[in-house]
Structure formats: structure tokens, C-alpha cells
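Structures for review follow.
Two complexes are shown next, each including chain A; its partner changes from chain B in the first to chain C in the second.
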Partner chain A sequence: MSERLDVLILDDEPIVGKRLKPALAKIGCEVEIFVNSNEALDRINEKEFDIVVTDIRMENIDGLQVLEHVVKKSGRTKVIMLTGYAMMAVAREAMEKGAFDFIAKPFKPDDLRKIIAKAAKALGSPIDFNASDAGND
Partner chain B sequence: MSIIIIASDSYKTGREISEKVAEAAGYACMDRELLKSVSEKYNAPEGKLIRALEKPPSFMGLTSKLRNLYLAYIQEVTLSRLLEDNVVCHGLAAHLYILGVSHALKVRILSDPERLISEMTAQENVARKKAINLIKKRKALRKRWSIACFNMDENEPSGYDLVISLSQIEPDEAVKTVVDTVGYRKFKPMTYSIKCLKDKELAGRVRAVLMKNFSDVKVQANGSTVIVETRALKRDKQKKTEAIKKLAGEIKDVGIVEVHVFKDIFRQAVESDR
Partner chain C sequence: MENGKQKELRTLEGHYDRIESIEVARKALLDRKRMSMRFLMYLCFSLVFLIALGTAVILIITNSRVEKKLRFLEITNDLTVEISQARRFEKNFFLYGTNLNDALENIYHAKNILDQNRSELKKILGKDEHERIISSIISNINHYEILIDRLIKTEPSQMVSPKFHSTKKEIEAELRKYGREMIAFAQDLMKKERESLRRILSLSRNLHIYSLIFLLIFLMFVAYLFGSRLLSHINRFTTYAQRIASGNFTPITPTRRYRDEFTDLALAINQMTQELEEHEATIVQSHKMRAVGTLTAGVAHELNNPLNNITITAHMLLEDYDTMNKDEHIDMINDVINETDRSKKIISNLLDFARESSSQVESLGLEKLLRDTVDLASNQLKLSGIKISFQTTGNLPRIHGDGQQLQQVFLNLILNAVDASSKGKKIQILLVPADEPNYVAVKVIDTGKGIPEHIIGSIFDPFFTTKGKGKGTGLGLSVSQGIVGKHGGRISVSSREGAGAIFTVILPITTIPDKIMHQQVLL
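And now, the complex of A and B:
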């Protein structure tokens, strides 16, 4: 990998960020985790992340609003949507609003790493996914 | 890339538009030529496969059991081809079983009624009035067929992303509209929609195997887990469960097989009357 990827993970279930952080660190991501949308948006306003991973269904500000905010702030940032309530209409709405990808929970850390690798490639910073020992969780 | 599924009130019109859309979008076109592969794979007569796609069960035609089996074969082969993407699919009833896959654009093409009447007049060698009646009958038959086979009315516009009437829109404009629409970001494949399609494909393969022996099965897949619903008498429950688990477990990509057996109340009622 040419440089580290800055990744923000937002999910109101703390276990999600806790599990994903080490999994993404393995492939060279610098990960910040948030469980509160407002705090995550404050951080997004301060810093341009390469990738934002956000849950959709959250109190106050939902993932689609976070997506809109990120897209408005930086067209470069890739936003990956997570949801435990996947439905076609929401998936289409997220894609139309500029999401990079959409994945339904539950998923394996490897599934997200594959998407991160795809996003890294689209950002021009490809990850050597096979050399990352990624499959050994 | 995406999938475009085209359904029409006329097979001929649907096919023409599908071929033009495929050419304009640079996609492959998949139509009833696929039935040859289905026929070879499952040793099912092509004519009967077409009948399963067109007609509801009747005394003179296919039984429900056979029609459902043939439709399961068609679904299995169609779904496996649709995994390849960049495909326009027509004439294989995919609009009724590809549900919830966000990168599949579903289009209904309504023929120009005048063209439909003149086609029917020539095809059946009947007068205009008779042709109009035949068209009405055919529409009712299709409704009956789609409800009997998939519990959906294929004439219902809410089942589609786009409905185009060729009495108002020229065929070339219709083609352009379909190609432009599939270019929207919302029809782009994503991890979730690809998984949905893969789950359907696996369920289709399992269904095609199980339905040879158990005609009442309903199959769903989630990753490598397959969920099968069926009906049985209490005394047959274990035997049926084991048989389904064995058959499904031998299929590639299948991990866990969950079998949910519900009471066969109709058979139970018949037997209790004896």
C-alpha cells in the first residue's frame, strides 16, 4: 500500500467499531470510531477522511444524512453504508445519494475489507489485500 | 454492471425492444433460447417449458406440480446466467422472481394496441372484433398464470421500475429511456444487491433439486445457509427433514440446511376421514 487510509467508522452499536477497527488496521487503515452521529459529523468537518463507514439506522442523524453531509463536504471521500435492515429502496436511495457501496449486517470483517480495498483502488491508493493476512480473523 | 429485465404484454414486442436495448447498452440479450440449455440440463421438453411460462395449469395442460417443477428449472438456469451481469433478460418470467435486487431494472413495455390487434388478426386469421376479445382473454390468462405461479399480477405497474407505453412513446425513444435509466447510480450493483442475487441463485439450485421429490418446498438462502419450508404429517416429519437435508447438503456452496416442517392439515384431514 502506498499510504495509510484514514477511515471513520460510525455505528451506534459500540461492538461494531470495536470489531472492525483491528480488522481494518491489519490492512493499513488508520481508524477512528464513533457511536454518536453528531460527534462523527464534527470530526468529519475537521478532517477529510478517505473512507467513511456508517450505519444507516441511528437516532437523531441517520446514515443517509451523514452520507449527504460527507458527499457535500468532500466528493473524494468514499462512503460505505452498513445496515441491519437492508431493503432495496434504502439501498437504491443510498447509491443515488453517492454511497460507494452498501452492505447488509451481519457480515464478516473480510467482506468489509474487500470493499475497503475496492474503495482504496478507486482513490488511487490500492491495498495489497492478499499480503495483509486479511483472511485470518 | 446492471441487469435489465423486460416484460411485455406481447412476446414479440418485448423481444424486439430487448434486442434493441441490449445493442444500445452493449449488454448480452437473454431470451427463450436459454430454454434449450434448460431442456438439455434437466431433460425437460422445450415445448413444455414454454407452456409452463405461458399457461396456467389445466386439465388438458400441465399439472401444477409439473409446471412448478419446470419453472424451478427455468429459474435456476436464468439466475445462474444473471450472475454474469450486463444482461438484458426477456421472456423467462424473471420479473416475477427477481425481487429485491437493486441492480435489476425492471421494465414493462406496453404494446401499441393497434399493432397488437393487427398482429392478432394476422396470427389467428380473425376479424378485428374477435382479435380484441382474444387480446382481452390473453391478458386475463396471463394474470391468472402469474398469480398461480408467483402470487403476483404481472399486469400490476407497481411491480416495475419503469412502464413504457408504445402507444405514446416511439420504440427508439423507449430504448433510449431504458438505457438512460439503467445508467442511474441506484441501479449500480453493490455488495448487498450482488449478495441478494447470489442468495437467489443458490436457492434456485436447491429448489430445482428438491422439487423433483418434494413439490411443495419453499427455499430461501442466506449466504451458505439454506432454509427450506415444507409440509408433512407428524409421522413423516423426521424422514422428510432428513431426506431434504441430505439432498440439499450435497449441493455446491450449501453449508447449513434448516428445514421447517409445517403440519400437512389437508392430508391430515383426508386421513382422519378414512
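And now, the complex of A and C:
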């Protein structure tokens, strides 16, 4: 069992965080969830996360601004973008700004777990993806 | 469903009302005596011809009368010459005792002239006049002739007798008397005829002048009649054209007592407005579908959130079903149900708006209508990162109108404002009493790029667009203006480049009975 990954999930839809937290916990992630981007940014300033998962379209501060903030603050943090309807232009912009990957809504929890695993590997601390196996496929 | 059917019925009823009103107008237009412009024109030309013909006939008659008078003058002149000649010989005889046979010859000639022209003179003078004048002349001539004859006969034997001298004197006096009378008669006749000839000639001259003046006045009257009638027709149809252009499709009804060629034009225009109205309905509908298309991107985007929530929740429920307790199961299933409801609402708003329905007039509260419209546009607004606020003074009177069409107008204004604004800007919608009494105003205010002054005059023109090729039809504001115009309202705009724009829609509130308003909007 490798080290636990610190993950921050930011989405203004409360259900996303509520359901993803246990899903990611299963593959060994320590998850903090936020629905308000200001609060999330405050938390990011306090703590360096391994992975930040953020929705792009939100009130006030959107996902791209969060991405810029994270990249500026901590180069090693991997940022995974959640997009609504696949907007290629925005996704490309996110990738150019240094996002690790993006995933289009609606997605299955496993889709996100696969990307988290990929990010963990890139971080040099691979996680056991199969730990979440129960009941999948 | 029930409501939908009812609406459909009422719409159908409205359609029949339209067709019926056009049919009624058609009957009224045709149910008049026909007096075509062509007929009137023929009538006037015929009258002019008749006047000219009458003048010509009178002139021909006068002419022949003049000819007769001239002929008569000629005859009387010949007569006078012969008689004067006879008198000259008579005078010579008494003065110098010259031959008297020549005088007799002249008298004979004079009688001959009267004889030869008897029928002609009778014609000229008329039977009675002829009898009176000619018989007196003839009796004078006869007396004269007898006296001359007596002189000639008595001459050779009694030339020297003293009795002859007195007889001669006697005869001379009598001869002179008859001679004078003959001359006087002939001259009197000539004088009378000359006088009458002068009168006829002056009458003919006056007739010429008067008929010309009459013709001139008549032609001026005809020209004025036709000119003013044509002009009034043209003015009338110009008004119709302007009325139709402003969206009022009321059929043309009769205004004159008789029908003519312009009645055919009116019928054609009534037919045209009916078709125009159908085309307009198509344009309004197709423009609505464009708005629906624009909104669909926002809806599709927004729909992914509840869908994502459902997917994640369902997957986690499947994954952890055995390890979770009943409360957790119920919580997750409730999430799925709520998110499904949310999806339904997102779509149904749009579907309600997209549903095809033609003019449907009812009492409307603008506040609810505007809130619904803001909801409908909200997905699009979220997608563009633009905020919207709606404020009202509240307690405003209701209006009468077609809710769907008005919603289309406001949605169009909001979407235009979205297009003009950049991310982070705000759109404000105000529902307030208008400056004019009995009107309410809806203001759509944006702080976007504004409208340049040189195009602000043409933004309501059909097909005018500032959006790129394939992005705008250029019909939005034109269609909106048409709809608002039909409701008895107006759209106005004020804008400063770089500082945003304010579109103001004013609509009349319901102050008159439903039925009248219903008809007014329907037409």
C-alpha cells in the first residue's frame, strides 16, 4: 500500500463531491470537497494537494482561474478538469495552461479513478487501482 | 393536454375569423354597382363627341341659311338692277323722249327673274311671306308695265295733242310712284335680308366661341374628375400599403358607392395580405426555432450536470449496495429522482417555448412571463458567464396579448444583450410603468459594446445584422417589432457605443373589454 494521495474536489454541484469522496477513498485518496471556489482557493493556499479536480464552469471564479492559481502555487499538483458538454476550445485552453487531463460530464466514477491513477503514477506514487474493484464491470 | 386542445381550437377559430373577414370584405366590395373608370372615360369622350357633333350640325345649318340669304340677296340685287335700269330709260324718255322699249325689256327681265326664282324665293321667304311680298312687287311691276305700255302705244298718233301732254304728265306721276315703290320694296327686302344675314353670321360666330368655352370647361371638369378620382385611389392604396407594412392586415372594405378597376386591386391586395400573414407566421415560427437552436447549446450543457449526478450516484449505489444501510440507499435514490426532475424542468421550459402555435391572445401578467423568459435564457446566460437580474415595481396591470410571441420578443432582446456582452457583465431587466399613461414598459439593459450611431437607425430593418455570416438572420428585431406592433406597442432603443444599450418595449395595458382587444390584436 502506497502513501495516501491528497485530493481536492471542487464542483458547485454538491452531489459530485458527496458521491466521489467515498469512491476515491477506496483507491487510497484523502479527499476534501468544496462547492465554493473561493473557499477552495483559500484551502489550496493553506495546503499543497497532490491532485485538484475542478469543474470548469462555476459562478464567480471558474475552473480555469483555479487552474492558473494552482499551477502558480504548486508545480507538482496535477489538475484534472471537469467539463460539461464537451467544449474542445475550453479543454484545449486548459491543457495549454497546464492541466493534467480533462474529463467530460457525465462520467462514471471509474473514469475519474483511472485518470487519478494515471496522475498518481505521474507523481511517482502509483496507487492500487484495483483496490476499488468491488462491484465494478 | 386538454388545455392544448382548447388552444388549438381557439387558434383555428381565429384563422377562420380571418378568412371570414376577408370573405365579408370581398362580398362587400363586389356587392356594388360597377362603374368602371373605362366606362366613365368612354362616357366622357362620347359626350365630348356629341357636343362637337351638335356644334357642327348647328354650324352646317347656319351655313346653309347664310347661303340661302346670299342667293336671295343676289336675286333681289338682280331685280333691283333691272328695275333701276327700266327707271333710267323711263327718265330718259321723259327728259329726252328717247325710246321706251328698252325699259319694257328691263321690266320683262325683272319679271323673268321673279318667275325663274319663284320656287327658290318661296323656299327662302316661306310661303306666306312670299305671297305677301312678291305679289305686291309683282303688282307694282305689272302696273308699271301697263303704264309704260300705254305710253308706247299712245305715242305715235297723239304725240302732238294737248290732251296727250296732260295724260303724259299723269302717267309720269303714276309711273314715278310705282317705280319708287318697286325700288323701295326691293331695297327694303335687301336691307332686311342683309340685317338677317348679319345676325346669322354673328350668331354663328358666338356659337363658335361659346361652344369652345363650354368644351374647355367640360374638359377641365372631366380632367379634374378623373385626376382627383385617380389620385384619391392612389392615396388610398398608399395608405393601405403603409398600413400593411406596419403589420395591420385588416382587409380593405368599400369606401365608394360604385366599384371599378380599383376594386379588383383591393381584392388582389386582400388576397395578398392573407398570404402575407401566413408567411409572417412562418417567419415568426422559424425565427423562434432559431432562438430554440441557440438555447439548445445552453440546455445541453446544463443538462450534463444532473445527468452526471445521476450517473455517479447510480454507479456508486451499484458499487457499494451491499455495504450501505437502507437510509443511505434511500438518500441516493432520492438524489437520482430529484436530479431527474431537474433534467425534466430544464428541457420542458424549452419545449414549451418551441411548441408551434399561432396567435393566441389572452390576459397576461408580464411579471410571470418575464421570470419564465429569464429562466428559459438562464442556461445560455450561465454558459456565457453573464449575470441577469430582474426587477419590477410590482402591482402592474395585466396586458392582453400572445404570451408565446411576447416571450419570443423578450428572449430575443435578452439573447441579443448576451451577444453584445462579454463574460462577467450583467444584464438588467426592468418592468415598470411607461412614461405614457396606460402603457407598461419592459427595459432590457446591457452594459455591452453598445450600438454604433451610424447603424442605430437600421437595426430594426429586416435582414440587418451585425453578427457574422450564418450567425444571425437579421430578422430578430424586425420580427420583434412586428409582434410588438401587433400588440399596439413599440420598441425603442437608446445606446452609446461602448456603454451598452437599453431596449424598451412598451405595451398597452388592458383598459378596454376583452373582446375588442382580442379582435384588435387578431387583426
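By our rule, the second predicted complex is superposed on the first by the 130 of 137 C-alpha atoms of A that agree within 3 Å, B and C clash if a C-alpha of one lies under 4 Å from a C-alpha of the other, contacts with A are read in each partner's own complex, and residues count from 1 in each chain.
Operating definition for what follows: a contact is a pair of C-beta atoms (placed from the backbone, for glycine too) under 8 Å apart; a residue touches a chain by one contact, two chains touch by 3 or more.
Note that the coordinates shown come from a computational prediction; the quantities given were computed from them, not determined experimentally.
After alignment on the shared chain A, the placement of chain B and chain C results in a side-by-side fit free of clashes. Once chain A of one complex is fitted onto chain A of the other, the partner contacts of A:101 are limited to chain B, with no touch recorded for chain C. Seen from the Cα centre of chain A, chain B and chain C lie 50° apart once the structures are superposed, a value rounded to the nearest 10.
Using the contact criterion defined above for the overlaid structures, shared-chain residue A:57 touches chain C, although it does not reach chain B. In the superposition on chain A, contact of A:93 is made with chain B only, not with chain C. In the superposed pair of complexes, A:28 makes contact with neither chain B nor chain C.
In the superposed model, C is the one of chain B and chain C that contacts more residues of chain A. In the superposition on chain A, A:109 contacts chain C only, with no contact to chain B. Aligning both complexes on chain A leaves chain B and chain C separated at their closest CA atoms by 13 Å. In the superposition on chain A, chain A positions 104 are in contact with chain B in one complex as well as with chain C in the other. The residues of chain C lying in touch with chain A in their complex are 297, 300-302, 304-305, 307-313, 315-316, 318-322, 332, 335, 339, 382-383, 385. Within the complex formed with chain C, the chain A residues making contact are 13, 15-16, 19-20, 22-23, 57, 62, 84-85, 104-110, 132, 134-136. The touching residues of chain B, when paired with chain A in their complex, are 100-102, 184-188, 190-193, 195-196.
Residue ranges of chain A in contact with chain B, taken from their complex: 86-88, 91-93, 95-96, 98-99, 101-104, 111, 114-115.
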